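Notes to accompany the following structure.
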Amino acid sequence: MISVGVVGGAGYIGGELLRILSGHPEVDITAVTSARLAGRRVDGSHPNLRGRVDLTYVAPERLPECDVLFLTGSMGTDADQRHAMVARAKHVYDLSPDLRLTDPDRYREFYGGHPAPELLGTATRGLPEADRAALRTADSVSVPGCMATAAILALRPLAVAGLLAPRVTVDGRVGSSGSGASAGEMNLHAERSGVLRVFAPLNHRHQAEIAQATGLDVRMTATGVDAVRGVQVLCRATASRDLTEADIRAAYRAAYAAEPFVRVVTYKRGNYRLPEPKILIGSNYCDVGFALDPDDGQLLLVGALDNLVKGGAGNAVQCLNIRMGWDESLGLDFPGLHPA
Amino acid sequence: MISVGVVGGAGYIGGELLRILSGHPEVDITAVTSARLAGRRVDGSHPNLRGRVDLTYVAPERLPECDVLFLTGSMGTDADQRHAMVARAKHVYDLSPDLRLTDPDRYREFYGGHPAPELLGTATRGLPEADRAALRTADSVSVPGCMATAAILALRPLAVAGLLAPRVTVDGRVGSSGSGASAGEMNLHAERSGVLRVFAPLNHRHQAEIAQATGLDVRMTATGVDAVRGVQVLCRATASRDLTEADIRAAYRAAYAAEPFVRVVTYKRGNYRLPEPKILIGSNYCDVGFALDPDDGQLLLVGALDNLVKGGAGNAVQCLNIRMGWDESLGLDFPGLHPA
Amino acid sequence: MISVGVVGGAGYIGGELLRILSGHPEVDITAVTSARLAGRRVDGSHPNLRGRVDLTYVAPERLPECDVLFLTGSMGTDADQRHAMVARAKHVYDLSPDLRLTDPDRYREFYGGHPAPELLGTATRGLPEADRAALRTADSVSVPGCMATAAILALRPLAVAGLLAPRVTVDGRVGSSGSGASAGEMNLHAERSGVLRVFAPLNHRHQAEIAQATGLDVRMTATGVDAVRGVQVLCRATASRDLTEADIRAAYRAAYAAEPFVRVVTYKRGNYRLPEPKILIGSNYCDVGFALDPDDGQLLLVGALDNLVKGGAGNAVQCLNIRMGWDESLGLDFPGLHPA
Amino acid sequence: MISVGVVGGAGYIGGELLRILSGHPEVDITAVTSARLAGRRVDGSHPNLRGRVDLTYVAPERLPECDVLFLTGSMGTDADQRHAMVARAKHVYDLSPDLRLTDPDRYREFYGGHPAPELLGTATRGLPEADRAALRTADSVSVPGCMATAAILALRPLAVAGLLAPRVTVDGRVGSSGSGASAGEMNLHAERSGVLRVFAPLNHRHQAEIAQATGLDVRMTATGVDAVRGVQVLCRATASRDLTEADIRAAYRAAYAAEPFVRVVTYKRGNYRLPEPKILIGSNYCDVGFALDPDDGQLLLVGALDNLVKGGAGNAVQCLNIRMGWDESLGLDFPGLHPA
């Protein structure tokens, strides 16, 4: 058994890691840190794990050595703390935005100053569908953002195949769990219920990550919707040449035919014709789909996923499975519910 | 025009008072206090009032004299502040629980020590359907709690007519706005969305108020549901003698035939057979209805209302309308929406 | 008093007309038709109107003469029935899509064959902010679509002022009431709850209407969201020249400073910085707002409204108020709720 | 591998059976029937199973022989069809209400005439926590109703221990999936969203089932709430003698200490102090909890579960696991999500 630690385990990504890891046959959860809840039971903040995990939070500075570490929060301004932590494990999976951008100027533009800019570019991106080969040997992995993951998976096969004109817009929609477990007044139920909150009208942070991954010229908007979990991205693009639906299907098939967690969803009838997060909650799937207007080459590419699973914890565990040579779907086999 | 002040205007009850009063033809909103937001625009925290009110919060200690004062918050431990405030107005409508119970022992049991117990019993209860005569001359009014209002209106006509055995249970359901605008982590959208949270499994505070108003032996449970507004109470009772549906209708009719804001809702078909808060949001109605099993005399009495309107701000304005001799529905004519 | 008839009164737009008209001081509801419910009480299908209207549905063929007629449904394939109906009233407000497009080719492209193509172009568009002068004398009015109204109001002042490059995309989001009261399996609660359903990935019908009204080259996508009411449109545009926020504000102000039902909503802080349907439910407002990236001239223009009010019934009544020379806000003064 | 057939696979219980069985290592889904969708792909109506099952619906009369049959729908008036079906399998799990009541008079009172009353009493009840011994050999199993299961699991240990006075009330709350996939207008999203619909004010059908299982004198009310999945029951009871919380815990512990799918949830702090369906969606848990007023012996017993899992499909599979001597949790190990 591989020993695993979760740093920042009281948050929503932390909880989801614990749910997945507690059902994973090859790992043993050795430590879960929380500065605020040290000494309290883990299932006190993650009630779905009652009877499933028997763990108590430890203070971050008391994190023991373990084989694998999952970091859920940003290092903030304290890079030393991160250094101390990652020194305690061989394999580190970082779910924060800290290492997602490789270009320091880009990082500064979207996030401000970085506490340890020398780290930028040192981690392997954790997107199995693009980075599987590198992930087999990577010991420092940076897991992409939730909306970025959906957009990259929807755009990248077509971008790589040269089928898209460079300019693309991305309209991201995300549920309230994306704001984390300690969010303030703006996430009160009475304020957040029923919203279509355009919290990033232009240049959402994930824009830089999608551009970096696809080489496209991306403009991104983001809206908070009335859901707890779920991400959907609508990517508007234009074909770079005459295209048919068959061309697009072929490009997706070439990229994803063997992928365990990407499905191409483009149906002519039914209630679920294009990717819909509603049926993905709890699962590690990212569904991608498209619509094409053959007359003028306009394209809508749609991606959907659960922001805490394929958009975070599940994707990280998939990366670990690859690194360890395990079946890639260990711990990740829940298919999602319908209806729910 | 009558000048009106709202103390604690930044909360949800405060905002609802402002919505109603800003559309009321006989009043002028003179001052709105907020300790936290003094100097800020009122429509900054109540965005539905943009273009409707042009007001700035003042600190509580700078409250000017006005004809009428609405108090939205409890006096907490500082009774002097309350005394200072109510001295500045002739008519005071208190929407807090401070003066709802008249018996100090009862108050202590349900709320703890009272900061000014000598005030208990000095205010007139603000329930027009029961207290209209007194409200015509009352200058200090205590507005009942939201779930209490629904339960009292459902139970009282039958209790007064002697149709009920003494023992009654009340199952209250309430939306998240009942927890106020400054609520904490337990009201985060991700935690509160989709809940059936039994936050008061036994002896909810409104139990004392319902008992006081009906003379019944009440047991009350309360559940937070996934709605922002809305209260529904299910009251289980037993007939004190052989009863027919006609008997119950007659008792309700005797009490409510002339009431502008109580409707008896007991239909045999359709989607809205019994009182349903969904269609009452924004309105000042309290719908009441019932079901009777003639074989064994078991009764279900149902009440529904919008907790911020008939369960708070609207009810208070109705009391003011009565006191001033105005049309009782001034400012309160919104019927509610279907569907919504 | 003006007598008014509502054709197709059992649907959601019909119900909303009845809600508004029943609180309108200058009109008298003479007749409400429903082929399916003839003989049944109106408040049986619109329970929010219990105690407010005392009306019974009549069969469409028994519609009496009235001064004003509101048509809520498409004429389908039977243009004669429409002719017979409109002959019974002097003023006709058509809320269906039948007469929204003036170009028969466009109509055919987006809707298929028209049952009475000679009628296209004969009605005055019912958008007060653009058409007030014409509406003062128009007797046949075609009320725009819900998402089209929001997009036109967000785009038109800037388009008219020549501030926008021609190519614009519109991302519309709409609640389930937009699908009507007789919708099928796809609108079951279990299927529709929690969705982000991209029901029109490209070329939504309202695209043609927005293009016609703004002269822009529009591409429109539409998504059904988990709300009963509410429309929000996100319009992506590019400035045609160097622009500042002040330029855009000036253009909006020139168009809307005197408008009773359009607010420009672009705030730097708070939870409601851009137009949000959540706080507009039940109101006749259309809020518009924007974000500008001055570096590259990209613009996000946002519009929001209640699809059944400013996106339908309320807008129609506003047109009627203009035609009759009444205060434009008669029957339409509800400000919306916060929170709700 | 055991071969399994699902009769009525297009409904919500059918879909849930397919989700669970498709992840079950010991069974092979041989046939799924649907009269309406014969010849269509199963994942067309259960989109969460895309890439998981490769099955096509067959007409009911073409059901092949299989080892195990799950029946999801009532036999209606055609008992012969049922006889023909069950003849094709050795083991039959009936999820309809047909065989839940053993007393024909009771059945008639709550459901009307039975098409094959001679079958009443012939099936073993499928409640593992009460019936495990019988289920090890039973070949005809009747799975209890969703709300009944929650109530029986909350009440039965205390009733069996003689701790309850006979009279109990049950207040059931249930999501829209309980109404099935082919429900009508009353389940339209616009009508069902946000409801607190008291659809059974007295004597809900599950009342008979709970009484039969506990020996108590039950009165049951049911409300549809704004959720797709989830059941919660609030059972009001009175202690038959002086009781402490420890007594109740002891009774629950005696019943459930070794149960894999029942947790006793009664906490003093946190957001999930009592059983809450929100965190049980997709899981096979039934959480039970309680509150006691030691002064007067009033008790609130709370049960919660996912109506399609422990309240239906999951419970049926648990019964099958028992019958086959497999690990009882095969296919049923999903813990539920938090938040969601």
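Chains here go by letter, A, B, C and D, matching the order in which they are written, and residues are numbered from 1 within each.
The definition used in the following text is that a residue touches a chain if its C-beta (ideal position, glycine included) is under 8 Å from a C-beta of that chain, and two chains touch if they have at least 3 such contacts.
Because the structure is a prediction, the values reported are computed rather than measured.
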B-C compared against A-B, more contacting pairs: B-C
So which of C-D, B-C or B-D matches A-D, with over half of the contact pairs the same residue numbers? B-C
Could you put a whole-Å number on the gap between the CA centroids of chain A and chain C? 38
Averaging only over C-alpha atoms, locate the centres of chain B and chain C and give their separation in whole Å. 35
For chain A and chain B, what's the span in angstrom between their mean Cα positions? 45
Among the residues of chain D, pick out those that touch two or more other chains and give their numbers. 12, 177, 181, 185, 190-191, 193-194, 226, 228, 271, 276, 339-340
Considering only which chains touch which, label the overall pattern as line, ring, star, complete or other. complete
Footprint of chain D on chain A - complex, ascending: 12, 15-16, 19, 22-23, 44-52, 177, 181, 228-229, 263, 265, 270-272, 276, 279-283, 333-340
For the chain A and chain C complex, residues of the former touching the latter: 169, 171, 173, 185-186, 190-191, 193-198, 201-203, 219, 221, 223, 225-227, 230, 232, 234, 236, 271, 273-274, 276-278, 290-293, 298, 300, 302, 304, 339-340
Touching residues (chain side chain A, partner chain B) in the complex: 12, 175-177, 179, 181-183, 185, 187-194, 226, 228
